[in-house]
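Below is one structure. I have some questions about it.
Think of it as A, B, C and D in the order they're written, each chain with its own count starting at 1.
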């Protein structure tokens, strides 16, 4: 009973899925092998993300250690690489506390709700040729939809914890996520316009030159927006260590804390993966038929390094400044970018509506010009806000009037 | 332009990424410990100690407990007391070193260790037996004769009571804890080291009576 | 449409990473905005003033170490000046220079910590803090070389300093000064003009000069508001009358200015250290005073210094005994906190943390 | 311009002219004023253009068993001189002194501290409660009879 996956199935393009499906299909009924292959793929993804998160937590701690001019975790395993395992064991044996006033059910759901979108995003990201679990034709939309779940999880965590710091963290987190969703979507529209498709596979194949060059503004906006959504410095308001201690996950301990941490570190990796796919031409590179995964991982590594680097350098913004940054700076930039891209695509496309490589180079040139002009204009506008000068005229205090 | 300073900051951190870390991995490697370091494990030379309890009196926290009786072993000297209890509660000690400063006979020295952690507070009281047997690596804090000799407690060997010498340099010309010591110290005012007392000096023949000043290492 | 909101009272501290010790603020928030602030302290109250009445004059030096534990040298200096005023003792020249030198090194260390934690409160994940600690560690090493301890130094004694510096101290100090310039420049490059720091701190929590003076605020916080009052200039003690230095003054009175004044004071301190090295001459380091001091009965002294946090003073009253009759500590951190309410109300939670960082309080000194 | 230490003699005449019947004598270069007049004297010393003491360094209280002495260290940042003003409170119970909170905000915590540790209450202070110790603490630890 050979099972054959029809080409109309959304999993048809996934080579790995087909191999497992065919192999298992020799001994099991087709419907069951479909399920088995799906579960196998899921296991690979979930464990891949979790392992990656663990690995990245070590890498980031090492990196930040070196940025700080110190060593970082180095006690267990070669260069301390087994540190995540040690952390995990420590967190697993820790008591799993739930505060008395907490909403137990919601409190317990949160870690899963945090982790799920992180893993789900990876379902549509092709990490080598023909390896996306699901080649959705609305891939970009799917990513945007799934990542928004995080905001609900954060709010659940803040609300259920019965802690005022957690409440602060949650309200900040939700405000940030809602604000940054807008410029992020707008910036992605530019990419979609150029690629002419929402499917991630098509976007990769459309990147004869990386869209980083074609869409510098969009990349900048997307990068900043993603940082904000990931709660990473300089936008880590929701878990501002020095202000509200850990924000929404202040009350979590033990396994739940481990899951939340895994979700946070995993989110960096998945967001990097999305960025690699959308802006850095994904798995393509020399010998990409065989080494696609290596290119993909390497590009993720570069982006993750930049995330760590920025995290190690910058202070945090204030909530109103952060929102102002989103609405007054990133949103106009992304709209300008979208407008410019739309015009360029309108004038440069050929009869069939396609853009060839030379068109992309022309767009890259124009867009870099636009980007610099925008930065200059906005820089001068913001400059006044950055350095308000002049003497202070404070309220004077006269005797008897004080208080 | 807006953003330049941020890029500068990024460059600074990047530069530091390539630098050698300035921290050291403590149990394996250690930073250099300076000879004046005021550490735990007080170094006490019973042969020098007269039991005057200046240290106990001068301790700001009162953590030194001394009980003495008139000496039976050397009654001729008269001024020598036999120590029965000499407890230092180092769990409360703040290592100010004032006891060392107060000691008129250079019998008490700060130690040089810092790794005497214990699991219970009771074990943190070091008694007279502990002080007798402890590793004698005196800190050079307030003991210029050791400093002049270039003694390094971490690098050098343990010193016995004849080697640590007497304080040769006095910041006060007139008195120290009530004693009249003016420079040059007249030989009759030099404290008599207990010369022949086999009960606590093992090779009593080898012990010279007055110890020269620059005797350390 | 007006949204119905409700104020929320939160205890910031006493266990909080950014309150610089066991400091508690009972804050009422409207959303993120602060409506009411009440500082509550005393969690670290150890009764230093009462303890001092039971100790003799030299022993109190060890208590002063523990007041502002990041600038022990300056505390020692203030106390010793007060005792010397009681006794009428003239300190030897070399001791004066050694005191000035160590006090300035300590000021560098303290300000480095102030800057580091200020930026930590801004959310820099420890990078400037680590760079600051890198340099501070070197200074503490020097102190260890000098007096055997790193934090609780007890280096100074009434009548001078307890001991001259060892021979290897001077080359080590030279080496430190050489390296410090580069290390410090790194901190300045990293953060001094950073736009995020500017946005976060410029114009935030303004402290007008008249209020600053009225509220007895002193030290860098006062100088950030536009006064050039510095006790080292106005009433030179120890060797400060022979030092050439500028007093950095900012006029804004906001968080950035307080941070900036500290940054600049480190430059001036290093300048003074260099002058000390040039001018210091061999000689005795301790005046001829006995170990047990007995100032005359009825004598009073108000020994004050410009500490790293502000005007630190010891008001001593002697009764002819071996311990002071009254030892009052005028702690700058406590009195600088008088303006907390003015600085914080109306600003946001994030600003509150930064403002506390910019005041650079030390709970050991606030609670005593 | 060097700092000038104004002694009691320098001050007495002016203060006596500004606030009649307030001066109680001179001690050790300090001016001693009557305790009930301390707020008026402080007001005069702050507002008088010749004295202009705009900076309150510290307020200290000393327990002399039969009486308490409260010491004000003052500085004029403009005129660059300092002065010490003392006042005396006889007795041990129910001691009150007019507060200088409304002249110098810097007195806020110091007066509260004196109330907390010495047991001298300041009338006119808006928030006269314990500062270092908790509410309900019995006694005032810095008094000489507190053991």
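FYI, a residue touches a chain if its C-beta (ideal position, glycine included) is under 8 Å from a C-beta of that chain, and two chains touch if they have at least 3 such contacts.
These numbers were taken from a predicted model, which means no experiment stands behind them.
**Q** Treat touching chains as neighbours: how many steps, at the fewest, connect chain B to chain D?
**A** 2
**Q** Going by average Cα coordinates, which chain is farthest removed from chain B?
**A** Chain A.
**Q** What is the identifier of the chain with the smallest separation between its Cα mean and the overall Cα mean?
**A** C
**Q** When I count C-beta pairs in contact, which pair ends up with more: A-B or B-C?
**A** B-C
**Q** Per the centroid of Cα atoms for each chain, what is the distance between chain A and chain B, given in Å?
**A** 59
**Q** Averaging only over C-alpha atoms, locate the centres of chain B and chain C and give their separation in whole Å.
**A** 31
**Q** Roughly how far is chain A from chain C, centre to centre by C-alpha average, rounded to an integer in Å?
**A** Comparing mean C-alpha positions, chain C is 43 Å from chain A.
**Q** What whole-Å value do you get for the distance between chain C and chain D if each is reduced to the mean of its CA atoms?
**A** Chain centroid spacing, chain C to chain D, equals 25 Å.
**Q** At least two partner chains per residue is the criterion; list those residues in chain C.
**A** Touching at least two other chains: 127, 131, 134, 190-191, 194-196, 211, 214.
**Q** Give me the residue numbers in chain D that touch at least two other chains, ranges are fine.
**A** Residues 105 of chain D touch two or more partner chains.
**Q** Please list all residues of chain B that touch 2 or more other chains.
**A** Within chain B, the residues that touch at least two other chains are 2-3, 6, 9, 12-13, 16, 22.
**Q** Which bits of chain A are touching chain C when the two form their complex?
**A** 64, 67-70, 164-165, 167-168, 171-172, 233-234, 236-237, 240-245, 311-321, 385-388, 391-397, 402
**Q** Can you check the complex and tell me which residues of chain A touch chain B?
**A** Counting only chain A, the residues touching chain B are 63, 65-71, 74, 309-310, 312-314, 375-376, 378-380, 382-383, 386.
**Q** Which part of chain D faces chain C closely enough to touch in the complex?
**A** 2-3, 28, 54-58, 60-63, 71, 73, 77, 80, 84, 104-110, 113, 117, 130-134, 141-142
**Q** Using the touch rule from the top, collect the residues of chain C that touch chain B in their complex.
**A** 55, 58-63, 65, 127, 131, 134, 137, 141, 144-149, 152, 154, 160, 162-163, 166, 186, 189-196, 284-286, 288-292
**Q** Once bound in the complex, which stretches of chain C touch chain D?
**A** Residues 41-42, 45, 47, 49-50, 211, 213-217, 227, 229, 234-235, 298, 300, 302, 304, 311, 313, 315, 317, 325-326, 328, 330, 334-335, 337-339, 367-368 of chain C touch chain D in their complex.
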